[in-house]
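Each structure below is given as structure tokens.
Shared chain: subunit A. Partners: subunit B in the first complex, subunit C in the second.
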Partner chain A sequence: MFNYTFHWNQALRALPQMLDGALVTLQVAVLSMVIGLACAIALTGFRLSGSRILSGIAAVWVEVARNTPALFQIYMAHFGLGNFGIHLSPYAALLAGIAFNNAGYLAENFRGALKAIPETQTRAGRSLGMNSLQAFRFIVLPQMLRVAYLPATNQMVWAILMTSLGVTVGMNTDLAGVTQELNARSFRTFEFFAIAAVIYYFIAKAVTLAARALAWRMFRY
Partner chain B sequence: MLDTALTWNDLLFLGQGAAMTLAVTAVSVAAGTIMGIIFGVIRFQAGPIWSMPLMFFLDIFRSVPLLIQLVLGNALQSIAKLGWPPFTTSCVVLSLYTAAYCTEIVRGGIASVPVTTRRAGRSLGMTWGQDMRYIVAPLATRVSLPAWIGLTLGVMKDSALVLWLGLIELLRASQILVTRLQEPLFILLICGAIYFIISFPIARLGGYLERRWSPHD
Partner chain C sequence: MIEIENAHKSFGNLEVLKGINLNVEKGEVVTIIGGSGSGKSTLLTCINGLEPINAGRIRIDGTEVHAKTTDLNKLRQRVGIVFQQWNAFPHLTVLENVMLAPRKVLGLSRDKAEEIAVKQLTHVGLHEKLSVYPNRMSGGQQQRMAIARALAMSPEYMLFDEVTSALDPMLVGEVLDTLKMLAEEGMTMICVTHEMAFARDVSDRVAFFHQGVMAEIGAPDEIFGSPRKPETQEFLGSVR
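And now, the complex of A and B:
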């Protein structure tokens, strides 16, 4: 059945290259998460603003991000934007696609978290003389971020896994891209991708553990 | 944008791609759910310590990108000389992927049934099987169904990745059309609209059930 000789040495020799790729993966994931968080906070603000146009934009963004595949969103950034004369590099397209996706999911998390914060909090802030932006910024947002922290860490792991999609638009510097290039050169598909899988596994675990440690440190009170 | 070169035949081609997406999803979710229920019951019965090997195995499917899983699955089946077509490989990998998530949902559902309710059933003379069948199953389904719908939609969207194995599903079909017609935005918009039309109503149904069946209201 297994009439196949594994060549792990060859794959292990490429490990430094793959670890460099892992750093790029982590970089894209973190950047996409930061951009996604910023957009999600803005979208939540749009939803609360009471303006029909703004909450309409937020609703469309969230529903499109949640109801189409992440790969489609990356394709849209890479191929679709070309129609407007915007030609993104694979890196930028990947980042834009994942950030868009993150923002949609995070905004939905925030909506759930907002329900946990009583309306009276906002009103108390307003009656202290804050305007609605200040009440959102200083009263609602900190509490909301605390409730939404755990789902957000899940989203971070998702973001790491999603970066592997970059290889489909020609990204060749992240972990999946590097692995694919090595694979195209040697056809040792199983060995290379098995090592990539192990690296992804450890990154995902490390991020989960780090997030938990951070939560323990931040939310002690 | 309105004077497009897209013909009805091309739309039909997209439709076939969508059918492939749905077929992969249906097979994977069906198989994955059955496995997920079995694993979930084992996970609940065996307790956190004895089920650790199983949970570690399933955790791999949630911590490694699906694309890598698909490539590995395909490489493995060719190493083992199984001679599976891409459709089978995709379905096997996606089923295990689904099962990994479904196990947690099932476990959560079973855990949400109050112990007292189950004890009441057992003290009426029900066997473990009867307890599972008539008490736990209906109550756990109620709790788990919204999450399961979410999982199904997630798998439907993630099934786009099987294009890497050469299966012509919706996204690959639109990519082929883009290459031929050079109208990326228009064709991708149609493709996205099809995904949206499949996903959005079901997502709404899931959200409705979640509100409607929430035990806290």
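And now, the complex of A and C:
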């Protein structure tokens, strides 16, 4: 029945290797978030631009990013683009897929945040002589950031966890990839994946706590 | 001087202002009374160009508000407006609320803007609240802050749109006292109000609006003591 013997020593000896993988995981997640934020800002601009083409692009992007599995989005970046002669390395494909996903969710998040700031705030700014850009920059944007902040930190945690999908396109340097290779060599499946899960947990938790501390400093009202 | 000449304003098919004529001299206090939907707020937002008009003309010290060449941002520096909902900027402290426009619009230094803001906030009795965020204050305090915020731009004209209507009855007095003080200092003001005692007390002239028309205008004693139009009599009867 139950005749699996645990071999924690062997697994723990691989810990340094796994922690190196964790650094790669964090790196991919942070980069995907930075790229995703930039794209989300652009998408928000597209949506507000009034141009049908630009807002169409933004709408399709947001719909696909939010309503298809992240796994497919990463597959598309790797194998899909490959069909068009664009060959991305596993690392680049993983990064592109997650950044695409982040951008979709963040753009939607920004849209909601923008809606949450009443028109009367802009009006109050304009009636003090501000132009529309000043009213946006000094009155609307700071309030938007606060509304958008918490969902954005959730997306960051989600991005960290999504990086584990990289193994499906041959990524072998991040935490999931390293764990998978160790497992394939030793068959100590439970031990390696348990340790990996604990590491993922601590990264996610640390990011959440750091974000909360930062929020406490940034949003004093 | 504010000159309103035959101003017409429609929202879609709804004609809200049907040819308003009104001149307000420097130093004068004019209050506007009238039923809900009679166009009082709309007139104020047309005066500072937040809303366009469909016909007629509004001039402020000779500058035509709705002319294409008019820089509305410049013009609004001279015409302050305070709304029923005070619209405090929630992410800024009381001091920062008042300093923002002087710094960003007038381009004043931080020190100079702060000096002006402190002066105006002291004027409306909020000198102890400088570093507080608006959500920690009562409605009356937030409304006085909004008044100080408008005054910090050193406007020559002030428009007040029912600034006490959203307040608890207990807090109305402190805001009305602030308006009275401004009136006594010689500020040129147009106040839309439902506070008849206040209108009677501070106004040089009282205008009664009815269904988009300025039905009657005159000294407070005339309007409140011996209104000529039946609409005015009926309105005053209903609010007493």
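Keep in mind that, in the parts below, the second predicted complex is superposed on the first by the 196 of 221 C-alpha atoms of A that agree within 3 Å, B and C clash if a C-alpha of one lies under 4 Å from a C-alpha of the other, contacts with A are read in each partner's own complex, and residues count from 1 in each chain.
Heads up, the rule we're going with is that contacts are C-beta pairs under 8 Å (C-beta built on N, C-alpha and C of every residue); 3 or more make two chains touch, one makes a residue touch a chain.
Remember, it's a predicted structure, so these values are computed and weren't measured experimentally.
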Partner with the higher number of touched subunit A residues, subunit C or subunit B: B
First, second, both or neither for A:169, with subunit B first and subunit C second: neither
Which superposed partner A:82 touches (first subunit B, second subunit C, both, neither): first
Partner chain(s) touched by A:197 [first = subunit B, second = subunit C, both, neither]: first
Subunit B versus subunit C as contact partner of A:65, first or second or both or neither: neither
Which of subunit B and subunit C A:161 touches, first, second, both or neither: first
Which of subunit B and subunit C A:4 touches, first, second, both or neither: first
Complex contacts: residues of subunit A adjacent to subunit C: 120-121, 123-131, 134, 138-139, 142-143, 146, 219-221
Subunit B-facing residues of subunit A, complex: 1-4, 63-64, 66-72, 75-76, 79-84, 157, 161-165, 167-168, 176, 179, 189-190, 193-194, 196-197, 200-201, 204-205
Residue ranges of subunit B touching subunit A (in the complex, touch as defined): 60, 63-69, 71-72, 74-76, 79-81, 153, 157-158, 160-161, 163-164, 171, 175, 178, 183-186, 188-189, 191-192, 195-196, 199-200, 203
Complex interface listing, subunit C residues touching subunit A: 48, 50, 73-74, 76-77, 80-81, 83, 85, 87, 89-92, 100-101, 104-106, 133-135, 146, 149-150, 153
